[in-house]
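Shared chain: chain A. Partners: chain B in the first complex, chain C in the second.
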Partner chain A sequence: MRLPTNLICLTLSVLPSVIAVYSDEAYSVDYHHELLGLPLPHTTFFYRPRKDDKASLIYTLSDLGVLGAVNPGVGTVVWRQLLADYEGLPQPGFLRPIEGENTVVSAIGSRVDAWDALSGKSVWGTSFEGAARDVEVMEIAAGSTEAKDVLALFEEGGTTYLRKLKGTTGDVVWEFKDGSVDTPLQVSTNVRSVFVVSLHGSSSGYNLKITVLDPVTGKRTTEYTLTTKLDVHAPEDVLLVGANSAAPIVAWADKAMKTLKVNLLGKPGDIQSLPLKDSDGAIKKVELHAPHLVQSLPHFLVHSHTETSNRADVYHIDLASGNIKKAYDLPKLPGQGAISVSSQEANVYFTRLTQDEVIVVSSASHGILGRWPLKLETAQGSLVHGAAEVVQKSSDGYAIRSAVLTTEQDWVLVRNGAESWVRPEGLSGVIAAAWAELPESENLVKNLEVEAESNPVSAYMHRVNRHINDLQYLPQYLQALPRRFLSSIIPAEIIAPKIGVLTKDSFGFNKLVIVATQRGRIYGLDAGNQGRIVWSATAFPQSEGRSWDVKGIWVENLKGQTTIRGSDGEYVIVNTTSGTKIESVAPGSWPTLTATALVDSTSGKWLLPIGIDGNPGDIPSEWAPKDTIVVRSGNGEVKGLRFEPKTASPNSEPVMTWSFTPPADQRIIKVVSRPAHDPVASIGRVLGDRTVLYKYLNPNVALITAVSDEKLTASFYLIDTVSGDLLYSVSHEGVDTTQPITSALTENWFTYSLWGDITTDLSLPSTLKGYQIVISEMYESDVPNDRGPLSYHVNSSSLEPSDIPNADPSLPHVVSETFLIPEAISHMSVTQTRQGITVRQLLCTLASSRAIIGIPKQILDPRRPIGRAPTAAEQEEGLFQYTPNIEFDPKIILTHQREVIGVKDVIASPAILESTSLIFAYGVDVFGTRVAPSAAFDILGKGFNKISLVATVAALWVGVVVLAPMASLFPY
Partner chain B sequence: MSEDLAPPRWAVELNSPPVPRTKATIPDPPGYTAASSGNKKQIASSKTPARTAPTTEEMDTLKLKKAWEVALAPVKQLPMTAIMMYMSGNSLQIFSIMMVVMAFKNPIMGLVATNQAFEKFDSDGTRAALLGVKAVYVAMQVLALALGVWKVNGMGLLPTTRSDWLAWETARDAIETAIPAF
Partner chain C sequence: MKLSTLVWGFLAPLAVTGLGFNKDELPRSVEIFVQSVSSTSSPILPLASILYNHELRDVVVEDYSHPDLSPETKLLRVGVYDTATKRWKSAISTTSVENFGKGIRPTIVLSVDRNGEVLGATVKGAVIDAGQTRDFGAKAMIVTTKRGKTPELNKPIVLSKEGTLEEEVPEKTLLQRYWWVGLAVVMLMMTAGGGE
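Let's look at the complex of A and B:
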């Protein structure tokens, strides 16, 4: 019975299937920057997941709260976990390896988790009230086989909690609660005691309080205070609390950066002063590096930076006497440098990277163990900090790998001085992005516009002139001709495409994406070339703990300029293709803004800033927008503004024309409008009996989402944004307002998803809840072949909908349907095509699946017949029977195997091909692809064999040439 | 045409072949009346060689009769065509397309050639009466054409529904524009 199975398999394989990404398109049309965020100095380290194996991985908990392991050999991500909810900047995170146990422990926010270091799977995880302030691995006496326990320091409402968690399960062994109101800073331990370091006092000047605990019982043994003499004002002022070393220390610098004060933990009243040398200029920054292993020698290094140079001093701690004495120093070198510490058993190595070389020294003596010239292939800026791994190969041979972060926010692995790989981690944390056309053929567009507007004769002359002018490019054109021929037959990649050259293609796939990150950097990515970084620049560097709040990106394709506006009034204008700054205005020069709008005024288009409370302020009349501006104001309303000229003033002032306020207990969480590019090819929907349901195509509509946290409702209001009229509203009960509620509005339909009651029978109280997506289509009338109250009017006005004065607006007829979905949708957007002929696809971000899916509109159709098979007419319309749930079939996942984390937004752009829409998703990661919602009907697939076609034609031609003389020999 | 010139024998026999001898012994099958009666008439006429030629009135009557036959011919095949069209279905395939083409071609060609069809029946006497016949002929061709139209309509090829004109309808232009700034 083998034949039938084979036959079935064959038949099934022949059947066409509707899939989002064809297997031969995966990894070629889509691109993904798998990013972590900037590695932080205290949470980045090399660590061997397998005790006996020499192979190690780089672990980091980044500034975005992404925990990841990176293969140091090739720089690929081994595994990642997003530990922070991606809402602004995450809370500080802590990461420690457990030596010899294949586990790393992380603490961020309220959670403490242990992860399998090799696979990234969760070993255990617990959460507590309050926020984590530190986590430390509890060292145990040598020889013990038990799993090492974890100390977690939490701050909860001003109270310090220290909990010892069982290394195997995460259960709490003991809990220590500090009664006084202090700011917990760090926990440190040697084998004998546990030290909790906290800031005691007020922000005008803290003292350091050290509480010593018994590691077995968690009872307080002693407690002492170090007087800092007003040197410590913030947690950042304490430089180091030497973690798990044999002699943990706490150190801080005095205000003038002249001396460094050090206390060995456990020795009350013993503050040793170490001088900080500053030969050229004041010391700007002091860093301390100490080993983290209890078996390592108690040595530490003080790295001091001035504006122009850096130097380092190595100190030894005498364990018996508790004295600190200087061993040697590393000479002053110009520029910035990065020093990292690594320990191998008792030996401690310091690795120093400067602009031009890498040196390794042992902590014991100043002899240089290895020295390599530093060769970075691309200009990376200066080095910020690094993590290093030193391996002793022979008695005097050392190998060093160092993962360094540069000021250009690239993460570079330097292996024995040579650059091994570069990860563009600065590209993570994108907060805004916009599509940009390649400017190459914009000239042609301009010319064509000129020709279209002038009279036929002059247009003809213009065109002839243009063609004569084009003749100078003929040699280049002829040179490129063979390549063009070849590339249309053989896949273009084979004939060495020119890397680094931005060329516009005839399909419109090559576009740029301008992105701005929360750290104040901007990048230009080539969407047609696997998302390659074309340029990057620093726009406005952000201080630590602050995120750049970009309010608008405006790409002027004709001028080749991009304007990026931030919330503090700063803006930068850059060249779209090169990233060179044209104009930059520092924060504070303009008033604070909450949004921007691209408006059309008599003086041209410009990006209008909207100030606090939705007030754009007075504007010179020639720059005043002609149209109504719809803004959100601070007190939870949406309002429409028109600019009216002021009397006796050249300025215009905004006048409120309407405002929409939801009921008192509701707050507006989201407002969406139709996309700027939203063409509609057909204004009606043809039914099975060939009658037409006319779509309600008002361009000026907005969908407002308002939730009530007390009544657990979510209400959706569809308003006309010119008149402010309420067109439609719907409310859902039993909604969890903390879950994501998203919405999208396009063409004649809107959709939203939420977690709430599933109402099947309205008479019964609902007990079922779930994630649901609701699709609503708007029509001009519920009767086919009827264009509603406006009938055959050519124009529509929202202010005066009909000839009758003060008539009601023509309301849309709304058809809705609800579908259950398996998981929450965190963001929605819609594909865009050039003319809107192609059916739209709803792009949904699934945060928990780390995926982006494209739900076809055919599935999301409120007209699907319920509880019966479709009639012949309905089948003709393309309707199939309603099923209450939509399964997220792997075939509709646009990201296929890729895991895209922290997606904030998905933007779409039309290609020249009508079938195709370009998609770009950003957030922590950057992902881009192309989708063809109605299949790629206007382009040949990769499976089309052009070579065999050409060969067939050529063979036929040869046959004709050979046979024609033979045939002519015979008269008939 | 001279009256006293008798037609040659072969011509007479061509028109009325000699009666087979078996004719007398074997009776005609039931219902075989028309031919035999015709034959009898022919025999009778052949027996009178100096047959009187039909008068002009008779010829006109005859012509009119024939003209009526021609006029009604299209309608005779209509039931058959209708059944075939019904059976061939409304889908677009080569058979139904050919049928539709024929259903349009025949009546239109017939209409174009209306005068040629009745040319041979045309005489001074019949001219007046022929007008009516022609009118009926045209009506019959139109009827056949209507069948074709019915078929095309069934196939959904006639732009009779609203959806067929949808492409020429345009969306209303909004007079006002609102720019969202959320």
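Let's look at the complex of A and C:
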């Protein structure tokens, strides 16, 4: 028989030229919410990064200390810098643009930095003792070509320091030190003089002290005090505006909010009173808005809010006489509103956003220059504050863009009244997160569990009933069938599932993540759908400067409920899929708690609150945990507690069974245990010669990290959490205890990383130090095919004696190896898969690279042969030669090119597919992805061309149909 | 085999009673106490006095007294207790009272750090098989904190003053360099020719 060459050619031509089953799925399986934090009113502005270019960017230094530039056209981040060490709420930050110089200057904590406004690269940076209180750009006389200098106000141990820094290098030009103990508030300048405003006196009532300095020498020229008559009690009571305007002012409202007292800086004893009108209820809040440019007209606006309405008055300052005169007012409107100021050379514009419209007025007259109805489509809540940019297009045509923050913590850009984009900035600053299953799939699991546990006959009846019950879903199933069939052939994007519908999938990728932010909000994110926000709700709004301290988050998948507990005893129970509140208890109703633990009691699982000093207190006996719980007490010890019934009481009380205290000079910094879902597929490790090393698989172990700041050591203690026995301990020397030391424990291995001595060889210099990662594997004995003291036992007890004659105590045999790593690991966790067959991957957060990497376990293997090539048997085991360093090569970076900042924690969850683990990282940013540590062995990659496969089969079938009769015509 | 068991059977009791060791070799001693786990305060009873040398990892039970416990006691706390300050001096672990039962030989596991300070102690028991041992007294075991492993670095390259490698690689001889030419010639000679 001849080969039908034509047919084969035709068939082959259908196949793509490159056949790749696993195409790179970067940026399609992972998602990233690139966030900044909530923009603050005084550090958010529009600014042109290129002097000659009209395009501007929005700059902000957020409440999380993230400095960023956002493209106002599409709402994407152009660049970001994390300026604060992300530990709770950072210190107040200050941000100023240098007009016409392509630079922004920031001051936060002890640092002052200048950044290239277009690229976000550092121009210069400098740090001082104490904390920054203000930063200001020193305007220069018109026509000068020199770079503008920067004034930085610092407070160091109660003393005020003002330094002028050179605009090009950041070098100190002069320094002014105020000897008296005052609270510095702000620095202002009007080209001729520099003014330092500080609070003088005590908190029962401050006076304002204004020190006037010579801008060239930094010498004090004069100083005067403004008597506030007990109106000022805190820095927030002083409203400061016009930092760089032609006539900077300082203002405060009296206690009754009836008048506003204003002083033109540089005019001692001149306090002018402006009336504050309140027609419906008392005034709650007063804001001042004034231009920040020296060439702008000296006008300012007073925005006063009552409980139900807001109004504004515009005032003009007469530069010659120093008189303040009211020009006009903006009428009272109901609800909250946001007013922002923008200036174009001398012109000053005020933009007013209310619930239903946007208007622009000039500061000179009350005529409305532009008016647009306000339509917000996706953003919700009322407006809090905003920054605006007004552009005069023709003689009477204006365009306006304003970036506004809403009470629902969305950052919205309103362009001529229409919503242009929304950034969910409220999602930043996540402090706790948990995975949640979509409810339907769990029902089946529950049913199957019931059937597995009952006897065969009733299980059969149950199954038949279930199937009859399932018949009602048959029409829907049949309807969805063509779609399912198509979706398995045509790439999934073409027939994407409906947005907004939570559907479970057969791979188990569609899960929810419930997160709680430090501002007291909770969100539900759809991990299977690019991390889309499914719902959001305010749980416990936090006052400014406070962070919600979430101690536990527990998702009850069977009930579809999520419980979140805070440290002040508050808790909220919400519906997992919709976010509706089921129960909410305000802070202070329950005792303070330091931690929570998910415990199993005779009445079911629940989240046990643990009070101060690690004491959970008495608990009703039916809710008492069955097992020993591990707590950390205040005086640096780790304790095991067991609940015992009290005599003549329905309650049980905690009894300390064991306690671990490290030596006196050490303090415990971390305690890790094995993850709740940590299945082990194989109890041994098969070696190349077919012998087996048995894994030490004790589910009740914890790894305690303790450091000594005096002796510079880091010690790791592995303890049995039932008996408190010390199973293994190791200590490292020459460790920098201020660097991140982190650890992870899973299966039969634990790992930790630190910065310390890398050699104990005395002939080498002792300064040889570096970042290192240590991997330790635990086995039952050091001899293959031998289980040591455990012998034939399937289970063993940590407390009871062994019934093997003359057995030694069973302690793990630990094999360790150390590798050098290029940078610090700030957090570690481990992937989780459904059955634990897939090799685990160590997930490490690299704070300095802003990345998350997954180090394969094959690299972190303490049995890798050192100084020689592996033997054939070792190769068969998967071992390769040891190299002292592990390079973080781009292939193991899970975040690819994405910069994920401020990561606090990485959580993993198994999918239904054994190969895959779902990863979710949170902190300032939110990032999620899927990983397949042993490659995706149970799923076809995106690159697999199903159409060509079907076409090939069809072509072969046609070939057979056509050729079969032909072949029978020509017998051999 | 049997002989050695017999010999050890005679020697081991000597160690337990504190006769078969040199005190100079075991410079440190520690007192182990036990207390029954209960919500009410219960007496802290001495269990054993142990001599050890953490460098040689040598340990011996100097004195052992079976604790006098109330019958309802199920669990015991074990640790090093300071009778002067009335405080536990080490970590406390838990063990079952069964470990002190009949036919069980307790092993006191002492954990010490690298300076020899006691971190904690515990008692683990195992049934006695009289066929294997005649030593029925308590025994002790010492576990020390390991020194953290450092990376196995490669040997540093040592350069001479001129900046070249110290060890000169010896020149290869002509034969070592061109052995394959000879092989080719031999091959040619063997395969070529040999015609009729």
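Observations, loosely collected:
The rule is simple: the second predicted complex is superposed on the first by the 917 of 972 C-alpha atoms of A that agree within 3 Å, B and C clash if a C-alpha of one lies under 4 Å from a C-alpha of the other, contacts with A are read in each partner's own complex, and residues count from 1 in each chain.
Methods note: contacts are C-beta pairs under 8 Å (C-beta built on N, C-alpha and C of every residue); 3 or more make two chains touch, one makes a residue touch a chain.
In this text, all values refer to a predicted model and were calculated from it rather than measured experimentally.
Of the two partner chains, both chain B and chain C are touched by A:640. When the shared chain is aligned, chain C comes close enough to touch A:772, but chain B does not.
Looking at the shared chain after the overlay, A:286 reaches neither chain B nor chain C.
By the document's definition of touching, of the two partners only chain C reaches A:730; chain B does not.
When the two structures are aligned on the shared chain, A:172 is found in touch with neither chain B nor chain C. Touched residues of chain A were counted for both chain B and chain C, and C has more of them.
Judged by the touch definition given at the top, the superposed model places A:796 against chain B, while chain C stays out of reach. In the superposition on chain A, A:391 makes contact with neither chain B nor chain C. Touch criterion not met for A:450: it reaches neither chain B nor chain C. Counting contacts by the rule stated earlier, residues 640, 722, 797, 799 of chain A appear in both its interface with chain B and its interface with chain C. Those residues of chain B that touch chain A in the shared complex are 156, 161-164, 166-167, 169-182.
Those residues of chain A that touch chain C in the shared complex are 640, 642, 644, 646, 653, 655-663, 714-715, 717, 722-726, 728-733, 756-760, 764, 772, 774, 789, 797, 799-811, 814, 816-820, 866-867, 882, 884-885.
Residues 37-39, 75, 77, 88, 90-96, 98-99, 101, 104-107, 109, 111, 113-114, 117, 119-120, 122, 124-129, 131-133, 141, 143, 145-154, 156 of chain C are the ones that touch chain A when the two sit in their complex.
Here chain A touches chain B in the complex through residues 595-599, 608, 610, 614, 625-632, 640, 671-673, 680, 682-684, 686-687, 689-692, 697-700, 702, 721-722, 784-785, 790, 793-799, going by the rule given at the top.
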